Amino acid sequence: MSKITFLGAGSTIFVKNVLGDTMLTTALQGFELALYDIDPVRLKESETLLTHLRDSIGSTCTITTYLDRKEALRGAKFVINAIQVGGYDPCTITDFEVPKKYGLRQTIADTIGIGGIFRNLRTIPVMLDFASDMQEVCPDAWFLNYTNPMAVLTNAMNTIGGIKTVGLCHSVQVCVPHLFDALGMDHNGVESKIAGINHMAWLLEVKKDGVDLYPEIKRRAAEKQKEKHYDMVRFELMNRFGYYVTESSEHNAEYHPYFIKRNYPELIERYNIPLDEYPRRCIEQIKHWEERRDAILARETVQHTRSHEYASSIMEAMVTNQPYKIGGNVMNTGLITNLPNEACVEVPCLVDASGVTPTYVGDLPPQLAALNRTNINTQLLTLEAAKTLKKEHIYHAALLDPHTSAELSIDDIVNLCDDLIEAHGDWLPKFS
Amino acid sequence: MSKITFLGAGSTIFVKNVLGDTMLTTALQGFELALYDIDPVRLKESETLLTHLRDSIGSTCTITTYLDRKEALRGAKFVINAIQVGGYDPCTITDFEVPKKYGLRQTIADTIGIGGIFRNLRTIPVMLDFASDMQEVCPDAWFLNYTNPMAVLTNAMNTIGGIKTVGLCHSVQVCVPHLFDALGMDHNGVESKIAGINHMAWLLEVKKDGVDLYPEIKRRAAEKQKEKHYDMVRFELMNRFGYYVTESSEHNAEYHPYFIKRNYPELIERYNIPLDEYPRRCIEQIKHWEERRDAILARETVQHTRSHEYASSIMEAMVTNQPYKIGGNVMNTGLITNLPNEACVEVPCLVDASGVTPTYVGDLPPQLAALNRTNINTQLLTLEAAKTLKKEHIYHAALLDPHTSAELSIDDIVNLCDDLIEAHGDWLPKFS
Amino acid sequence: MSKITFLGAGSTIFVKNVLGDTMLTTALQGFELALYDIDPVRLKESETLLTHLRDSIGSTCTITTYLDRKEALRGAKFVINAIQVGGYDPCTITDFEVPKKYGLRQTIADTIGIGGIFRNLRTIPVMLDFASDMQEVCPDAWFLNYTNPMAVLTNAMNTIGGIKTVGLCHSVQVCVPHLFDALGMDHNGVESKIAGINHMAWLLEVKKDGVDLYPEIKRRAAEKQKEKHYDMVRFELMNRFGYYVTESSEHNAEYHPYFIKRNYPELIERYNIPLDEYPRRCIEQIKHWEERRDAILARETVQHTRSHEYASSIMEAMVTNQPYKIGGNVMNTGLITNLPNEACVEVPCLVDASGVTPTYVGDLPPQLAALNRTNINTQLLTLEAAKTLKKEHIYHAALLDPHTSAELSIDDIVNLCDDLIEAHGDWLPKFS
Amino acid sequence: MSKITFLGAGSTIFVKNVLGDTMLTTALQGFELALYDIDPVRLKESETLLTHLRDSIGSTCTITTYLDRKEALRGAKFVINAIQVGGYDPCTITDFEVPKKYGLRQTIADTIGIGGIFRNLRTIPVMLDFASDMQEVCPDAWFLNYTNPMAVLTNAMNTIGGIKTVGLCHSVQVCVPHLFDALGMDHNGVESKIAGINHMAWLLEVKKDGVDLYPEIKRRAAEKQKEKHYDMVRFELMNRFGYYVTESSEHNAEYHPYFIKRNYPELIERYNIPLDEYPRRCIEQIKHWEERRDAILARETVQHTRSHEYASSIMEAMVTNQPYKIGGNVMNTGLITNLPNEACVEVPCLVDASGVTPTYVGDLPPQLAALNRTNINTQLLTLEAAKTLKKEHIYHAALLDPHTSAELSIDDIVNLCDDLIEAHGDWLPKFS
């Protein structure tokens, strides 16, 4: 019997999506679905929901739960990771509130930016503990990472952890449908090519029957941009840099020095930027779950239709050897020729029994490579900090961050880092 | 209406296979199948057979014939190439008979070796004429090359011709089935990974349910090797270098300095090497066709089941955007990290609406990379000769050829090249 | 007789330094020193001074002047370039005054930054005209470029112009002496290793008798930084990023988003940043020359001691084949492994009869590579604009500029570019 | 006081040359010259000669001798290596006599070929012991390697041993003088560019006053080739491949499949190939030393003029920081772009206080890269055998050797390897 281990299985709704997909997949019937979380209550809740779901579907998968991580991982063929270290309270609160004292405003803080840096620093040690356990009990398993910040964590698992890891984000597969829906265009039969880095990958080609659809997209986008809507940052990026980016406007607002600027307070309104969006979502999600939990867990018949998450299709392709194509996060072994080789990139990958094999992309248009490089700078320095445990590299990561460095002085950036280190307390390893 | 142009359509049986597959493919219905050949008689024969086949299948494809090449290519979406320049008589006869005067014996002469070098030299100019026409009348078409020598011709089309070209050879897809059949093993559910150069690609992994099958393969191969059979060269290569190679024993016998040796005449018998195999096959094939042609062309009902050739599946994947995996010949843009970047390599490729996208392989085991490099040496120098039209580079190609240089002295190699240039007459461009 | 052509020979004082050095070099005696400038008056002045100098020295070099550029270049063995396109008035005034309307303040504007971008855009076409002439009348000559912006112009001459070009800047050779003088340390016998990009190259190693001197340097620098001095920006960069940078504080103030910040007006005072330094220097230099010109040109006996400029030593090494080491600007053919290959880098080079041969550096410390990449982004996009003549790439260059993007909004950046294009008038080619 | 350690100091004459040069070098006065050898008698002889030499010169260097290797190395700034493992008797005898039983004839056997492979296999473990000691007692010392086979040993010291190593061979510096002398041409003022791999580096450029001298060289060489002389193999290589090679004809005769061929016995005479040259030289050298030893060691006044060996000039350049140019053997970090990165290459290097810094070469002409690759194949597989201690990689190295594989069958090659392993006995580590 084969085993799929889910780390962070207390995220009940996400577990339901990914393992519900799995239960609906013929090739994965009979697998053990091993749930692991540090929170026994939430683990139990996930078990309950999944059991109802399994019985509703009629899947032959078995569901087990573990509070011992190594036992959860032992013998796994696939490991799916969706942990969050430090949670909304206290860590997300810290990520947003401490920078605010310096006037530094954020929207999501899960990728780069000062919040993304610290999210990485507290998550990497936990991930490397996973890697260490896996080296012992399931060294050949594939690690499907859903945890953010995607690029740095996937890089750490591959290069430090030595585990076969692919980073997965649904921003790739929803990019074209969401764009086309927003513009009133039909995306059926549309072919696209996407590459770059996670959350800043580029829609390099978008065609139907060989015809480039960008002129029509840009025409409609310019029209739509005349009034307020929820994707104004991305449309502006496309307007200025020529290509649409995979991640949402609220994310991209903080990846660049262009949108949240103290010198230009009117831009928040102009680009409709939802400051503090992520903590707001967290609060709502927690509230929503608390209100509906009992009802959800009581229902014995649970519906599920296969979602757009890649995980079950990846496992299916590896088991059946039927080729499947994903946009995956992998090490840049010369794939995108004008981005650093040390970076983790998001490129089309072929999945089959040989695993996840990335494809060759070549050069990005120079302006897109340049934008990616500004973010890779912070990513690589964050990784350096995690590897060396030297505080100076945390400062470097923050000093190179496009938004942070545009807004704050060197002294404020360094002090902010020190404050965040202190506020994190034991959520961070000791830096010297 | 979309158009598929077939160059060298006088190869009636091969055309039937590839375009028969096409007619059986739903996504390719309604395409124009444009047949081109320099021989009007054979072109007519192919048209007759294909028309019978089309009607038998009930395909909605249309069949057209062209003696004007540029008109055949105009507006094509796909171009399939299966030409042979110079044919059996006179060129294959030349390839074998002139070297024989120097004591140099060959088996196939379609890849490297002295015969492979000259086959390239007479074919490249014709291919570049195709490229030149295509730049004018169908610059975005994909060129699916079946003509040998695969590696050099595909290289020339991509780097000199500037045409999107993938080289296709069925040795990849039949590699595992043939090996397993020969050893009495079942290849159902077997996963494999193959990479290298055309005709010398390596079965790097062969597993079932995660279990390495090489130990069992090698055990049975050693047993079988005790008596005479038809794959003795490859089994010996596997025995000594650890991996099975894609192309047959009669081919591989002449890619190395190990098998056809004047100092060791007994090896011919020992490894069961069919010297002069290719001309013998040509004669038989011609005789066979002449005997059966009238009967074949008279039959109005023609059967066809989809073959293992990649072409129709590639076109289907590009049209439907359903991913398909092939072993394709492409430029080595850092894909196989221990082979030269200037080489054309055979690697797993993803095919979909974005075209043929090669995947990353990394380092080959060092002994396999070394063997490939000995053949790439001759390939790259042949290409240099074709590009510069300098005779000295023909000598270099022959002097670096592993079999030729093992057998002959420098003087004999140079004289042999001169004799072959003279014997070719107008089949070659002028070299200085 | 061999010939050295000096382009922009109207810069009388600089010509005196470089060609004075030449006249003092034994191996270069008898050379023709061909002076070219578009300004006949200044050309005549340089001729007068150089003739006096030549006679004072007793050199056998001949001095000729040309207003016809192609004749000046014909048959040259070396071409030294020190032109300035557009001069102080009008172009430098434009570079500083137009951005000021948007609140964008600069210090030097000759490298990157909005001023550096436009200085490139108006200079590249003139440089490529040089290249075009040279292809005709002296294709094998070495081009020794002193004109700024160094990195982009040297890149353009090599990759578009196809001329063997090395970029020369004395910031490399004065780096250690100036630093040691400032700190009251003795630089005799000190060994150093410097690499990076022009004006942002890094003192990677600084040792005496194998002992790392950085701890002492940093100790003294921290002490000195307590009071106001003229190198505060560089000391702060060393403090935060760990390494000393080659170019001066007034230059580096505008290469980063850290020093000239509208949100932090106090930083100008704190780091002692001389805003508008370059135009101030231009005015003083012009005034100084006008006041002293007649006296200088009247003196028939002129003194010269060999300066620290590389040019005469480079020519000497090429002529004598005695190896000489420089810090030169060359294309990054894998030399600095964590900077883009498309960039022009400043690395140790070996000069001898084989020309200027760059040496291998490997990876820079990650924070230094990251800082370099932020500037390379703007450099490469500026080059893209010059190559394609597309306005959008000018916007990209400015949008990626670290200082510009930190200070201004997208709209202001785009409008500023448009204003600068208009203000330049015929000093720029037409962009579409 | 600084220390230079000489490993293999029993090679009295070579020690005299290299350390005599050192004693004549002002910047190296006062250094300790630490002599180490496993043979106390020869060590004593070297000490005697060097002491006489030191006193004759009046150098302030001190001379010490060590039989304890780690003490000899402790605190060294430079380590010069000239060991030979196994000596003439028994190992060189083995290298020549065992292959002879299979009809495999050699000339020198110190580079590649079956003899070169085994010379590597018995030397690498000793070298790695040096590296291990050095990591402990002088980790920052530069290792100047004179021991052959140069390419593989230098590769092993750098990549496995982790010691800063440059490989030195005087074939680079004598290449042009010897060629010009042989052809009656004057080499004064001649500039040359040499790159490739050790013993097969190429005279890529040879010019005087900018004029290519190759046409005249080739004209004279063709004339000279009409009668018998001592450099016929190299002249033939130049004739056919267009470039002169650094190492002598007797060496190059066995690097290729062209010259020692059982099928063409007349080539030995035709190319004047001195079979068994190396053992003959060994015997003469031993006899010569025995006859003259007492007289040499008795003389108290010893003459020495600085030789063409690089070592003392390298140490001088590192100590004085005066740049010096050598042709050195270093790892191919992208320096020669069409040779494998794993290879050790011979390229121009800059030496100064920063150490030995290799320069960028780019692509070799394709035929030269191809010839180098055939030798690199054997080098890399030999290294693989030494690293993995797997017998199969010894077979691979021999099977890929151009001369061995041209002459022998697979079975004979494998049996020959087995015989050589057995004949070596404890001179080799255990392979499985």
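Every chain is named by a letter (A, B, C and D) in the order it is written, and numbering of its residues begins at 1.
FYI, a contact is a pair of C-beta atoms (placed from the backbone, for glycine too) under 8 Å apart; a residue touches a chain by one contact, two chains touch by 3 or more.
Given the structure is predicted, the values throughout are model-derived calculations rather than measurements.
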Request  = Determine which of the two chain pairs, A-C or A-B, is joined by the larger number of C-beta pairs in contact.
outcome  = A-C
Ask   = Hey, how far is the Cα centre of subunit A from the one of subunit D, in Å?
value = 54
Ask   = Just how far, in Å, is the C-alpha centre of subunit B from the one of subunit A?
value = 44
Remark   = Those chain pairs meeting the touch criterion are A-B, A-C, B-D, C-D
Request  = Spell out the residues on subunit A that touch subunit B in their complex, using ranges where they run on.
outcome  = 140, 189, 191, 193, 205, 207, 210, 321, 323-325, 333-335, 337, 348-350, 352-354, 357-360, 362
Request  = Note which residues of subunit D are touching subunit B in the complex, please.
outcome  = 236, 240-242, 256-258, 261-264, 267, 338, 340, 342, 366-367, 369-371, 373-374, 377-378, 380-381, 384, 392-393, 395-396, 399-400, 402, 405-410, 414
